[in-house]
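Letters A, B, C, D and E mark the chains in the order given here, with residues in each chain numbered from 1 onward.
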Amino acid sequence: MEHLIDIVLLGLLMITGFAIVRMKSLLAVAMLTSIYSLLSASLFVVLDAVDVALTEAAIGAGISTILMLATVALTRDEEKAPRHTPLLPLAVVTVTGAALIYGTLDMPHYGDPAAPVHQHAASAYLHDTPGEIGVPNVVTSVLASYRGYDTLGEVTVIFTAGAGVLALLGYRTRRRNIQGPGIRKLVVLRVIAKLFFPLILLFALYVLFHGDYGPGGGFQAGVIFATGFILYALAFGLGNAQRVIHHPLLRIMAAVGVLIYAAVGIEGILLGGKFLEYGVLADDPVTGQHLGIMLIELGVGITVAAVMLIIYYGFVSRQD
Amino acid sequence: MLLSNLPALQVVIPLVSAPVCLLLRNPRHAWACALIISWLVLAMALLLLQQVYTLGTISYAIGAWATPWGIEYRIDMAGALMILIIATVGAVTMPYAWRNIQHELHRKHTGVYYTCYLLCLTGLLGIVVTGDAFNLFVFLEISSLSSYVLISLGPSRRALTAAYQYLVMGTIGATFILIGIGLLYMMTGTLNMQDISQRLPEVADTRTIRVAFAFVTVGVSIKLALFPLHIWLPNAYTYAPSVVSAFMAATATKVGVYVLLRFFFTLFGLQFSFNAMHVGEILMLLAVAAILIASLVAIFQDNVKRMLAYSSVAQIGYIILGISLATTAGVSAGMLHLFNHAMIKGALFMAMGCIFLRLGSVEIHNMHGLARQMPWTMAAFVAGGLSLIGVPLTAGFISKWYLVNAALTDGYWPLAVLILVSSLLALIYIWRVVEAAYFHLPGADMHKVREAPASMLIPTWLLIGVNLYVGLDAGLITNIAQQGAASLLGQALQ
Amino acid sequence: MTELLGHYNYWIVIILMMTGFYIVIARPNLVKKVIGLFIFQTSVFILFISMAKIEGGTAPIIEEGLSVYSNPLPHVLILTAIVVSLATTALGLALVVRIQEAYGTSNEDDIHVQDEED
Amino acid sequence: MMQPLLDVLSWICLLGGAIFLLIGAIGVLRFPDFYTRLHAVSVCDTLGAGLVLVGLIFQGGLSLVTVKLLLIFYFMIFTGPTAVHALAQAALQSKLKPLVDDHEPR
Amino acid sequence: MFIAVSAVLLVAIALGLVRAFRGPTLYDRVMAANMIGTLTVLMVAVLGFMAERPEFLDIALVYVLISFVSTIAVLRVYASRVSMQGSDRK
């Protein structure tokens, strides 16, 4: 039965993709991109990829759309027509597409259990996780422990993006609260923001520490935490938000998150194990795994939240 | 305890130092921290080389998980050579960077520059050391992202468009690599390179693996600027700050070549990639095209940094030519040229940085009579140029000699002729610069130009010294290159 | 019928990939190129995740009653790749903002014209 | 005895919610002007969502699932109308005039 | 039973998409995006019940927050642009 939903969602995605190609107005394209990533997030839910759906929605529909719109707000809205007819790109695209379709002919069928993907490493992860790591959410155990080094690389990628945006856009602190003319009429938004702000932060912490048992983890929590502050900045103006979390603190938080992660790894070495070995952190290996996973999720959450806010401040503070 | 964990520390130390550099407010402290870390990385690289030299291939399981489940670091002689190149160039360009950054970068960028530089160093080291396909993609992204930022810090506004163009092409390349790795994982079920190479023969003739091979080759070719896909390189190296051009020219494309070697020989295996897919002939054709066309274009450039960028594309053509022969002699000649070219191009770009500092421009028509004012810098440029051409007693000659030797043993005598002819092309464009600097009457305000500061001259001459040393006694490096080639091909021949 | 259904998922994903790839190559507007990159990468993620699905399997969170789970490894890879795509998009858009301020336009053809002038 | 009654109640709520959402979606398409469409979305969506969530609560019974559903319901009740309010205010602020009489379609 | 509800939700999402394509002004598209966000929340919740996996409700909760904040963000970012351009046109 899920095939039907799966096929319909893919159809909708395809229509949205074609619409994005044809649309001239960049604001429309940005909104369609937000819908595109929301649809792909719900497709991930249908395909049982729970953590990925959470991350795709938080990052795709949330942060990326805001960044795209902040950029389009600075540039001309209308997209000029390309000067030369797009024959060469069409040729390149059809050749690449044909190569890929040619490649799918020998692929295992969609969803059949006999595919090599499910035989080798995956069954070991599913079988060993309860014993060795004792965390129900196998994705978190693979993300944080079996392939924990990938996640360290990932945190470094996020840190690089933060440092890059810091280098490119820097930051301008807004002393005065110069808002649009409609400042008086924001009362409704402010009341709701004041009501929801603590709830969102609390929910971010829940997602952070619930990552072992359900969908969640460092990244999703970091993005939700940053979304909470973005809501605060929207309702009460960027100046107040920068007073609540000012920029030097963000730089420190971004750096401290990566250092926490690396420190857990080096701690493994100092206690005589290998790099990123959590078993030696505590006397009992499984508790060591829990401790290790908890600490690195915290480090990841801090860095991601700080970098999201650095990027948001960088883009929005350039507007006026 | 330190020695046993050396492979991991080699990447983790610069990775940890990058956030520390961001925390240091004062740019001078950040520079000092980056300097210490670069020299520490060089020391560790030498230690690692010695370990690999004695113990053979080192395997280090991260997190103490067995190989197919956890991520494994696997360093053989080829990897150790690459770490040596990256660490040497990094350690040499760091003292050079202080004055150059002060001069070319905007005041507020000097603090963040060192963080991005250390991240690029981490990414490059991470690519070379890892034995896991997806981990290679992650560190490839780290080094690419930080190099986009480094390029965009250039003095002129065109650095931004150059960085943007490199970002778009680099991301397409990285996504192609991701598609290739995904298809490989779909057919073999693991991500560890050794595991994939063992599981590949059963599924080798399926169409999916051929498409995965094609996508990975195209993706990596974009990263190493192989001829038709090199469009991003000239702008990137011309408008980037000089120290970034020097560091990138000497390491970024070289790591791309290493990734190509790793995929061809370790992952897909010699039989599949060269006999079944005939990639050798395609690469040879592209290499010949790269050498000829890039050298010709370099001759007509007025901006010397752009000329050196096109000459880099030509030199990569030489390296790929060596690899396309798929024999131990050919691959070791390619790796030898990889090392020599890294040293030569690093020195040449640093010399241009000194000229840009004093003259404010790198155009040939502004450099008339420069030799009298900046004798040491121009002497370094000439020495580097000679090595680029392949004059005896320089490193360039050694690697060209082995390339010609490898081509002749395989019976490709036209390739040997091509290598000699293209050296003449290199002579022409180097001569244009030398002629302008030495044999033209100095321009109006040339007398005000002073010699470059010692902090920039010594690193340039250090690299030239390495060049000349390899030219005289090539024993050590050729030995390492041959062992590297043997370990790469050795894995393939098993 | 199962032949078509078996590969239907992958073919649609490939069409999505090519849509994103086309936008990056054909459109001269810099923001549109970054959006094209974002769509190209998102559709690669859908390829990875549809590879991990098992018929009748559920999300890889272990519970007593359930035995067949879909493969967790592509999910981990995609969590990393989503973060990489966000970092690339953020940097691309930051560059577009700086280019817009330096050149006054975000259209590639106009930028080439300005470059030829000086 | 309670179970079939709960099932019937939840199906009624679910179907009712679904129908309201469908009406809202059709309204969005057919109405001539932005503000009328906005009216259709806000009213039908909030009610439809409420009914669907109540239907799910009946299915969920007294458990953590119901708590989560109530939390979603609580969030939706507040954020739905606020978003629509902000939307209408932004539209008015950018001088998007509502269609007063219907002889000149927008 | 859940299949019928999710089918109706899919139809509603499709109609919302049509409005997102056709919508003349930006505000129509923002409204369509907001509507699709709400419908996705409900579909995720219904799918959670169809697959007997209550973990899906965490995702639904995050979707509510994300769609709300991104709608508000779009309006505030666009509003400052209108005021900026308003000053240019004068």
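Keep in mind that, in the parts below, a residue touches a chain if its C-beta (ideal position, glycine included) is under 8 Å from a C-beta of that chain, and two chains touch if they have at least 3 such contacts.
It should be emphasised that the depicted structure is a prediction, and the values quoted were computed from it without experimental measurement.
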### Message
Tell me the fewest steps from chain C to chain D, where a step is a jump to a chain it touches.
### Response
2
## Note on the structure
Label-sorted list of chains bordering both chain D and chain E is A
#### Entry: Of B-C and A-C, whichever chain pair has more C-beta contact pairs
A-C
### For chain A paired with chain D, centre-to-centre distance based on mean C-alpha positions, whole Å
28
#### Entry: chain C and chain E, separation of their C-alpha mean positions in angstrom
20
#### Entry: Whole-Å gap separating chain A and chain B, where each centre is the average of the chain's CA atoms
32
#### Entry: Residue numbers of chain C (touch at least two other chains)
17, 21, 51, 58-59, 61, 73-74, 77, 80, 84, 87, 91, 95-96, 98
### Query
What parts of chain D, by residue number, touch at least two of the other chains?
75, 79, 82, 86, 90, 93
### Multi-partner residues of chain A (each touching 2 or more other chains)
48, 50, 70, 100, 104-105, 107, 115, 117-118, 121-122, 125, 147, 150, 153-154, 157, 160-161, 164, 168, 180-182, 189, 196, 214-215
### Message
With touch defined as at the top, which chains are paired up in contact here?
### Response
A-B, A-C, A-D, A-E, B-C, C-E, D-E
### Task
Mind listing the chain C positions that touch chain B in their complex?
17, 21, 24, 30, 33, 37, 40-41, 44, 47-48, 51, 73-74, 77, 80-81, 84, 87-88, 91-92, 95-96, 98-99, 102-103, 111, 115
#### Entry: Contact footprint of chain A on chain E as seen in their complex
3, 6-7, 10, 13-14, 17, 20-21, 23, 26, 29-30, 32-33, 36-37, 40, 43-44, 47, 51, 53, 55-56, 58-59, 61-63, 65-70, 72-74, 76-84
### Query
Which residues, counting only chain A, touch chain E once they are in their complex?
1, 4-5, 8-9, 12, 15-16, 19, 25, 27-28, 31-32, 34-35, 38-39, 41-42, 45-46, 48, 50, 53-54, 57-58, 61-62, 65-66, 69-70, 73, 180-182, 189, 196, 200, 203, 207, 210, 214-216, 220, 224, 227, 230-231, 234-235, 316, 319-320
### Query
What residues of chain B sit close enough to touch chain C in their complex?
134, 138, 141, 145, 148-149, 152, 157-158, 160-161, 163-164, 167-168, 171-172, 174-175, 178-179, 182, 185-186, 191
### Summary
Counting only contacts in the complex, chain C reaches chain A at residues 2, 5-23, 25-29, 31-32, 34-35, 38-39, 42-43, 45-46, 49-55, 57-63, 68-80, 82-84, 86-87, 89-91, 93-98, 100-101, 105-107, 109
